[in-house]
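Two complexes come next, and they have one chain in common, chain A, joined by chain B in the first and chain C in the second.
Let's look at the complex of A and B:
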């Protein structure tokens, strides 16, 4: 495929006065792309726009160089889509449900059944083929959703929160599968509101918040992007007021607040310098413990989202 | 064709699975029950009773309710749950998906309509009707054909309402009961704007059912010719299917 897998230009969607997605312009090439954002950030809106389920208020979407709009059915030979909502064909058994969707791809009854069985095998669910969807756990139904997206082995997979409700083993299995799928030259857009779920399979992220693109790029680029943003450290100890005064005088903090007499929260533009100073204070016995917000990559995401929210 | 047949099978299964047809069948058998009660109380010609009272009751009450029960949820239910997204994100045009769902649900009305026709015939026979069986069968086939034709048209209206409106039950009641059976039974020229007028004209032409002891048919001053009745009923079916397809492209799946 020469064209970009996904191109969006000034893509916007309003629900009455509520902004679902605002002016999104992105170009995504082959590979796994993490689509991150809290609930209500516009992930599902973007997925629905990419699959022509809703109309754009402004802008456009291209999938492999072709415009996507509601009713544009030919493109679905190249797209596998697993929606965020729970599957709704509760009374169907897994094999019938997948066979129906395979038949909608043009397969005859026999071929549809075989294709459905293959998809179940890919997700390690071959023993669940005769189980009714309503009798499955949420995690199993999530895997069924992924299986239906994979029926025709499409070059573009759109997975909306596929890991919700999955147990750790299923998560690992699904993520491994996503990784392997992309390694074969395919594209996967993986939506999630939890960074660490996605970071295991890709470092290419799109971060959405309140319908706006907060950041896009490699994870380390996003880290660099936030280096200039205020960071936070929390210290615990006795008689912290003199220390607070010293830090302010040395201009190592831009803000501070006491959370009780023994706990001090510090905001800084220069976390490394502040940490060095606090280590010194710790060595002098002024501090009991120290926490920073630089624990996990997830903090980066929280920080970005927090910054946008402010 | 594979996809169309798969959708028909799916839709039929969804409408007819489990006890889902029980409600419509109970409604369809109400005229049968009434007929049995009347025949137990009074000495009447069962054939006349069926033709004069029960067929109009079936066309006016049973038909719209059965259509609403079976055809209305075909799409409204899928839209409500967002499940339509699974079907509309396949490489099939939306009109084809709608047609498959519609045909499957229409098939599910057949056993209900059959019950509404066979019930009175069996009651008639069990009360030793003097009318020869071939007249019963002829009338039964005629009524079944009427119900099927009307089911097609009203079913297509239900399909359209299921896509177009978020309050399909209210609108279906207005269209099927208000503009359908009620307006079709009121005297005056307005009658001709109701699908029921054409249905009643066909009932007259095919089954010899006239305005009647029940007054349910209203004083039909002119009886529409068969070709016009068929044109209106089939035309409305086609029009509503097209409108459903148009509405499906316009409506967002949320």
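Let's look at the complex of A and C:
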């Protein structure tokens, strides 16, 4: 397909007085694109507009060069969509649920069942085909949602926070799958509000905030922004005072504070270098554990829109 | 855990041409049948019909000319021909068990059909497939009406067959038209109820509120119709009573309108109310589904 996978021009959507999305203009080519933003930033609104679930209040969307709007059913076949929130499952068994959605896509009963089985296999869930959906963990159900998006092997996959509630192994497999899928020439728009979830699979990010496109670019550009801000690490261990003195002498920290004798909070301008040094200390047996803050997205928003954005 | 992305090949198999409402209807039927209470109520209703058939059989075996006896007793007691087992007999079945089952089954099965889909984002999964709100609604409603017809028309058909088998040869002339007449009347009645319950769900988005509104509409308004009729002496006031409308529609399709007295809703008004309710409910549902902002 020569056309851009997704093109939006001045795309806007209001819910009464509330602005869901405002003047979004983007062109996205094949590959994995991370869609980042906090809750209420417009990610799900964008997903619904891209899947023809709702009308745009202004502007338009093109999928593979064709305008998308509710009722544009031919385009629906080229899109696989995993909604963000937990969904109601019409049937109780995983295979039946996927078969129903395949049948809604136009398959006969036999073909729908085969397709459902293939989708489960793709996500490594073939042994779960007869499992009650109610009995599954949230992470499992999330994978079922991804499986239903894959039923028709669409060239465009829209995943709205697919990793929510998944255990680390499921996350790993899902992200591996996303990477492999894109490597075959497909496009994946992966929405999340956690930066490090997305950075494992793509370098291309879109940042939404309050319905507006805050930034679009490569991850290293965003990383540079993050690295210019102080970051925090917390270490736990015994006899931390000598380590604190060494870190100050090596100018790896710009500030520190003790939270009890066994816990030390460190502020740094160079988190990667600090982490490398702390790993070395850990290997020497000086540390029990290490935590870093998970505020990357917040930092970006602070930088881009200032404190008012929070 | 098998990860098979590497050996992935895009599926190019055939796509079925069947309408998209078919899988929705089939899933709704499965969902209904999976409900213990829907099964119990449906069986109970059919059991009522079967019981009446058994009574007909026993009466026929014990007193072969029981129909004449019953008619004679009826004329002596009420000076009317209420005890005749003819087409009009089938309108009496409405009050006996058809309407109560219709009401209860609607509450048990219908209240959560669309409400749960609206509450839990299922609409997004459905409508990212190539189906229209109309197909979705058609599938849901057809299956719902199917269950209601099973519990209402099913026993009536059983009774009619029993009535036919355990009667003299001439009796068929009197009740020949009953199945078609009752089928059309109950189809209208069940469709109206099915659409109304779902429309109320669309507005309330809550199973509990749907049931409460439904009970108010179907129980309290019945009494209000009779009160208004008493005050105004205008039988048209009874038209706000759904059961009265259903009764008149059944009598009209059975051709028994002139035999049920004159204290009833005019038949065109009864038809108009039921059709009007169905159309308005359908409009509410379709508008609600098309206004996808409801999902947000």
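To be clear about the criterion, the second predicted complex is superposed on the first by the 220 of 310 C-alpha atoms of A that agree within 3 Å, B and C clash if a C-alpha of one lies under 4 Å from a C-alpha of the other, contacts with A are read in each partner's own complex, and residues count from 1 in each chain.
Note that in this section contacts are C-beta pairs under 8 Å (C-beta built on N, C-alpha and C of every residue); 3 or more make two chains touch, one makes a residue touch a chain.
Since the model is a prediction, treat every value here as computed from it, not as a measurement.
When both complexes are superposed on chain A, chain B and chain C end up clashing with one another. In the superposition on chain A, A:103 makes contact with both chain B and chain C. After overlaying the two complexes on the shared chain, residue contacts for A:85 are found with chain B and with chain C alike.
Residue contacts after overlaying the shared chain place A:9 against neither chain B nor chain C. Of the two partner chains placed by the overlay, only chain C lies in contact with A:176; chain B stays clear of it.
Looking at the shared chain after the overlay, A:203 reaches neither chain B nor chain C. Of the two partner chains placed by superposition, chain B and chain C are both touched by A:76. Which of chain B and chain C touches more residues of chain A is settled by the count: it is C. Within chain A, the residues touching chain B in one complex and chain C in the other are 48, 51-55, 70-71, 73-74, 76-77, 79, 81, 83, 85, 87-89, 91, 100-101, 103-108, 112, 148.
Touching chain B in their complex are the following residues of chain A: 48, 51-55, 70-71, 73-77, 79, 81, 83, 85, 87-89, 91, 99-101, 103-109, 112, 148.
On the side of chain C, the complex with chain A involves touching residues 1-6, 8, 10-11, 13-18, 20, 22-24, 26-27, 30-31, 34, 116-117, 119-122, 124-132, 290, 292-293, 295-296.
Remark: chain B residues 2-3, 5-7, 10, 14, 17-18, 78, 81-83, 85-94, 97, 248-250, 252-254 touch chain A in the complex. Taken in their complex, chain A has these residues touching chain C: 15, 20, 44-45, 48, 51-55, 70-71, 73-74, 76-77, 79, 81, 83-92, 100-101, 103-108, 111-112, 114-115, 118, 121-122, 124, 126, 145, 148, 152-153, 169, 173, 176-177, 180-181, 184.
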